[in-house]
C-alpha cells in the first residue's frame, strides 16, 4: 500500500557514517533512505553572551538545504538574503531538541553549534537532522572529555526523532516524500530514554482524533527505539 | 498553588469584543486575562499567485507584538529589518490552524489575511491569536455571504486554541507569563469540533511521559470547549 | 462644506485615556475622531552611546501602523524588511518635537522611547502621535520623579500638534482622511507654550501664498490650545 | 558676526554650470559656497506603474552624499544596506518640490528621475539639490520639447529653495555648516513664482515665535528671488 | 619542500565521482586532495528574462561553503543575510568560465544552473568548482541530447582550472591551504582545449615579474592537461 | 580601426587634478578620456579590529557609480539595499592593488579608506580608480608625514592600472566603452615599479592564446609607464 512497499510500521534503511569531515570536532552523514544529511558539531570556547559567568553551556543548531537537494532546484537562502520561515522553524526545533538531552552545567561555559545540511532530500529531513545531530554532538563532547576539558558527561541517552502521519487513511511510520506530500496529517516525535521532548502534530486541510494520535505515538516509540540503537552503535 | 490562585484546570477570564475597527471586514479584541490581541480579517479579491485558476481560496495570517506589549520593551521588528524566528513560527501556526477549518473551494478565489497584533502580552498570545483570529475570519466571511459573493459557508466549527503545561510538577491549563516563563514543558493545542488540528508539546531542559501528555490533552479539551462557546457567542 | 459637517476651525472630538497597558511606564490611547493611536513611553536606564558621560538624557520615538488600520490593508513593515520613508519621516518628527519640550540635563543619563502605534487611521496620525506621545512621556517622567530618580522636572508646557490645510479653497483645521486625501496644501504645526517647534507646510501639485500661511497659523494656534488643555487634564 | 563674515541677509556665492555629464538628458553642477551638488535628470519613456493609462507623467528624485563629502567620512549607504532616514526625508522633499512646478498632463506618460549627489557638503545640501535639480529637469524637458515628444511646456517658473535660521539670536539667510551645526532653529523654504511650495521650520532643543517665523520668511523670499534669476540664466 | 611533500609541479590526487544525487540532471563530487566539492547542474526550461526570444541559452553558477567546511566554523551566509564579496566573486568566475565553453545558440532558450557547494575545504575550491562544474554540466547536457531537446552539442573540450603560486620563493602547482595561506602571489588559470579563458594572478603584499608569470603559466598548462583527462574519463 | 581613431597602443588623454575636495586628506579627479572618477583618501586613526596591537596599518577601498554616470540610468545601490557583485569585485581589487604598494608597518596602526566614485563612465573605471586612488593615497600619506605622524615613507613607486583587450581581432590598449562592450577578451593589469600586482584576463564567449596574452602584457607595460609618470607629476 505504501509507495515504497514498506509495512505501515517499517522504517527506511538507516545508516550513520561518522568522521566524514576532517575539520569538525564531531561529524556524521546520516541516510534515512534517500534523505541524506551531513551533520557537524563545532565547539566554541565561549558561550553566547547571555550565558557569560553562569557556568552553563549552550547547544544550538543551524539547518540548510543545498539548492538541488530537492526534486526541483530551490533558491539558495544566501542569495534570497534570509532564511525562510520553514528553515528557522526547523533549526529552532533541532536546537531545542538537542538541548533537552544536555546537562548544561556539566558542559561548562562553551557553545557547540550543530550544522545540519541536507545533501539530498526525500522527506523527514528534520528528524534525520536531530538524530544525526546528536551523533555529531556526542562525538564532539567525547573529544572534550578525552582532552579533560569536560569531566562529567553532559549527555545521556540519545536524542532521536522520527516522523509519523496518516497516509491513505492509515497511520504510517517514517514518511518519505511521496507520502509526506499528500498526507493531510503528520508530525514529528522527538524522544530520549523513553520520554518525549517534542510532539508536533499538524494537519493541513484535515483534522485528527485523539485515538489516531495514540496510534501515531505507538509507531513513533517503535521507530525511535530503532534509531537510538543505531546512534549508539555509530558512536560506539 | 498557581501564582494567580487559579485551579489547575481553570482558564483566565476571556472576553471577545467584535467590530473594534471601522476598516476591517472582520475584527475583534480578544482578552485572555492580561493578554490582549487585536485581530482583523482583510479580504482581497485575488488569491495568491499559486492558486490562480484553481477555484480555491486562501487564508493566511500575520502576527506582531507592539514593542511595549511586554514587560521590557522589545525592538520593533520593522526596525530590526526582519521578523524574528518566533514571529515567523507563530504566524505560520495561526495560518495553518485557521485553514484547517476552511472549505477552500467554498471560499472561492480570494484571500483573507488575518492580522493578530498583541497590544499587551501575559502568556498564551499565539493561542489567543488563533481563537480571536477565527472570530475575525468568521465575521469577514459573514460579510461575503451577506453580499452574495460566497454562497456555501466555507467555515464550520470554531477553531480554538489553548496552552497547557507542567508547572511546579502539576499539569495546568492556560499558562500566564509567570507560569510560562518557568514551565519546563508546555504546549499548544488547536482543535475544532472535538478533533485536533495541531498539537505542539515542547520541553526546554526537561522531558515528559506519555501519561503526562494524556493529562494535558484532557485539560486542553476542556479549555477549548469553553473557548468555542465564547467564540460562537461573540459572532452571534 | 466639510465632509464631516464641521466648521472650518472646528476640531474633531478628542479623548485621551491614560494607563491603557500594564507594562509601560507611561501610556495613553488618544482618539482624534476616528484616528486612534496607542502611545507608550518606556524608560531605559542607559542613554544612547553618543550621550554617555554627558549628563544628558534622550527622548526618541518610533511610529507604526497596524496593517489594517487603514481602508485597505497595508503591507506589514516587518515583512517588507524595513520601515518606509513616510514612517521614518514621521518618527523623526515625533522625536524631535518631544525633545524640544525636554530639559535634557534634568532628565539625566537615561533614554525614554515613545512608541506610537496607530490602531485606526483617519488622517492626522502624526499629530495625534505627538500629542498623545507627550502624555505618555509626562506619565513616565512622573514615575521617575515619584521614585526620586529625577528631582527637577525636565518637562514644561505640553507639546501639542495639529494639522491644517486648504480644503476646497478654504483653510480648515484638523483634516480627516476624506479632506486630507484631496487637499493640495496641508501641514502640521507643533507648538508648546504659545511658541512653535515645527512648521511643516507642503503642497502637492499646488502652491500657497504667504497670506494663506498666516490663516493656517491662526487656526493651528487655536487647535493647539484646545489640545494642551486636554493633555493637562489627562495627566491630572 | 557670521563666521563667514556675510551680512545677515547675504547668500553665499552661487554658480550653476550646466551640461556637466555627457550621458544625462539634463545636468548641472551647482555650487552654493562650498556645497557642491551634481544634479542629473534622466528620462524614462514609461511612467511608474500607478500612472499607467492616466496620461500623466511623474518626476521623482534621489539624493546621495559621497562618503567623504563631509568633514569626517560617512559610511556609504550602499554598504550599510539601506538609505538612512535623513536621506529618505530629503529625497522625498526634493521630489515633492519639483513636482509642484510640473504640469503632469503636459509631461505625458513618462518619468524623469532627478539624481542629486553631493560631492562636497557645507550646509544647505537639500536646498542646493532642489535648486540645481530644477535646472537639470528644465534641460531634460527642453530636450523632449526639441524632439517634439512634448508640445506644451510642463514647466513654469523655477523652483528654488533656500535655508534660513536663527544663529546667535539673529535671523540669517543661507546657513553654512558652521552656522547650521549650532543653530537651534532653522528651516527650508521652497518657492516658485512668489508662492510657497514647502515651509519646513524645525527647532532642536529650542522654540521660535510667530514673529521670528515672519522674519525668516522675509529673508527666504529675498534669497529665492536671487536663485531664480541664476537658474533662468543657467538654462539660458 | 612543500608541506605535503609534493614536487613543485605535482598535483594532489584528484577523483571525480558522478551521479551523486538522485535529483539533479547532472552531478559529481570532485575531490582535489582534501578539498571536496559537490557540483550539481539543474536545467530550467526558460532562459533568464534578458534572453527571451533570442534563441540563446545561459549557464550560471552559484557557490557556497558549508559552515564547517573550514578549519574554524564560518558564519552561514543565509544567516548573515547576504553572500560575502568572496563568494560573489567566485561564483561569477565559475559562471563566466563555464559559459566560455558553451555554444549558447546550440543550447537553445534554457538555463542551466551549476551549484558548487564545498563540503570540505583545503585550498583551491574555486578551481575544483570549475572543473567539477563542467562535469555536472556535461552530464546535464547529455540528458538534453538523449531526450532530443538539444541536437547539436553545445559543449566542446572540457573547461578545467588549477591554481598556481609562488610558495617559499618557488613556483608551485595546485596549492593546498597550508601553502595558499602564506603565498604572497597566487592565481587561477582556467583553460579549455589548450587556450585560456581566465588568468587571475594576484599578489597580496608582494609583486611578481613577467618571468615568474611565464613559469606559473607553464605549470598551469600541465595541471589543466591532467584535469581534462580526468574530466573526460568521468563523463565516460 | 578603433572607434575613437586611436592607434592600437595609444591611450586616451589622461589628466589628474588634485585637491578637488576640501574635506579629504587626499583627493583627485582623474579623467581617462570620458571616464571621470573622483578619488578621496580618508585617514582614520584606528586600524580595523583584526589589526589591533599588531603595529600594522591597513588600506581599503570602496567603489561606486553615480546612477547616471552611464548611458542609461542604473539603480542606486543604496536603494537596491546592497552593493552588486561587480561593485564588490572591483573594490576588492582596488584595495588589494593599493595595499601591494604599501609598507604596512611604516604606515602604523591606522586605516586609510580610498573612495572611488565614478562621475562619468566610458570604460576602464576600475583602472582609473586604482591609478587615481594611488594619487589620493599618496597625498594623504604626505599629510601624515608632514605632521610627523609617519616617519618612514610607507609608499614606493606608483601603483597604476590599465586595461587591454582584443578588439576586432587586434590587441588594443585602454579600451573605451564602445570597444569594451564588444571585446570578447579583455583584462586589467595592475603594476608598480615594473613588476605586476594583478593580472586579470577574462574571456566572455571566447578564448585566447598564450601568444595573445604576451602581446597584451606588452601593451599594458607601455600604458602603465605613461600613467606612472602622470601620477608622479600630479603629486609633485
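Going in written order, the chains are labelled A, B, C, D, E and F, and every chain counts its residues from 1.
Heads up, the rule we're going with is that a contact is a pair of C-beta atoms (placed from the backbone, for glycine too) under 8 Å apart; a residue touches a chain by one contact, two chains touch by 3 or more.
The structure displayed is predicted, hence computed values, not measured ones.
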| item | value |
| --- | --- |
| Distance-maximising chain from subunit F - centres being C-alpha averages | B |
| Most distant chain from subunit C by Cα centroid | E |
| Repeat of interface A-B, chosen from C-D, D-F or B-C - more than half of residue-number contact pairs shared | C-D |
| Fraction-based call for subunit F against subunit E, same above half, different below | same |
| Between subunit D and subunit E, centroid-to-centroid distance (C-alpha), Å | 50 |
| Rounded Å distance between subunit A and subunit E, as computed from the means of their C-alpha atoms | 33 |
| Multi-partner residues of subunit B (each touching 2 or more other chains) | 82 |
| Round-the-ring chain order [start: subunit C; next: subunit D] | C, D, F, E, A, B |
| Touch list for subunit C against partner subunit B, complex | 21-24, 27, 34, 38, 40, 42, 44, 62, 64, 66-73, 76-83, 87, 113, 115, 117, 119-120, 122 |
| Subunit E residues within the subunit F interface of the complex | 82, 85, 88-89, 92, 96, 99-100, 104, 187, 192-193, 195-210, 213, 217 |
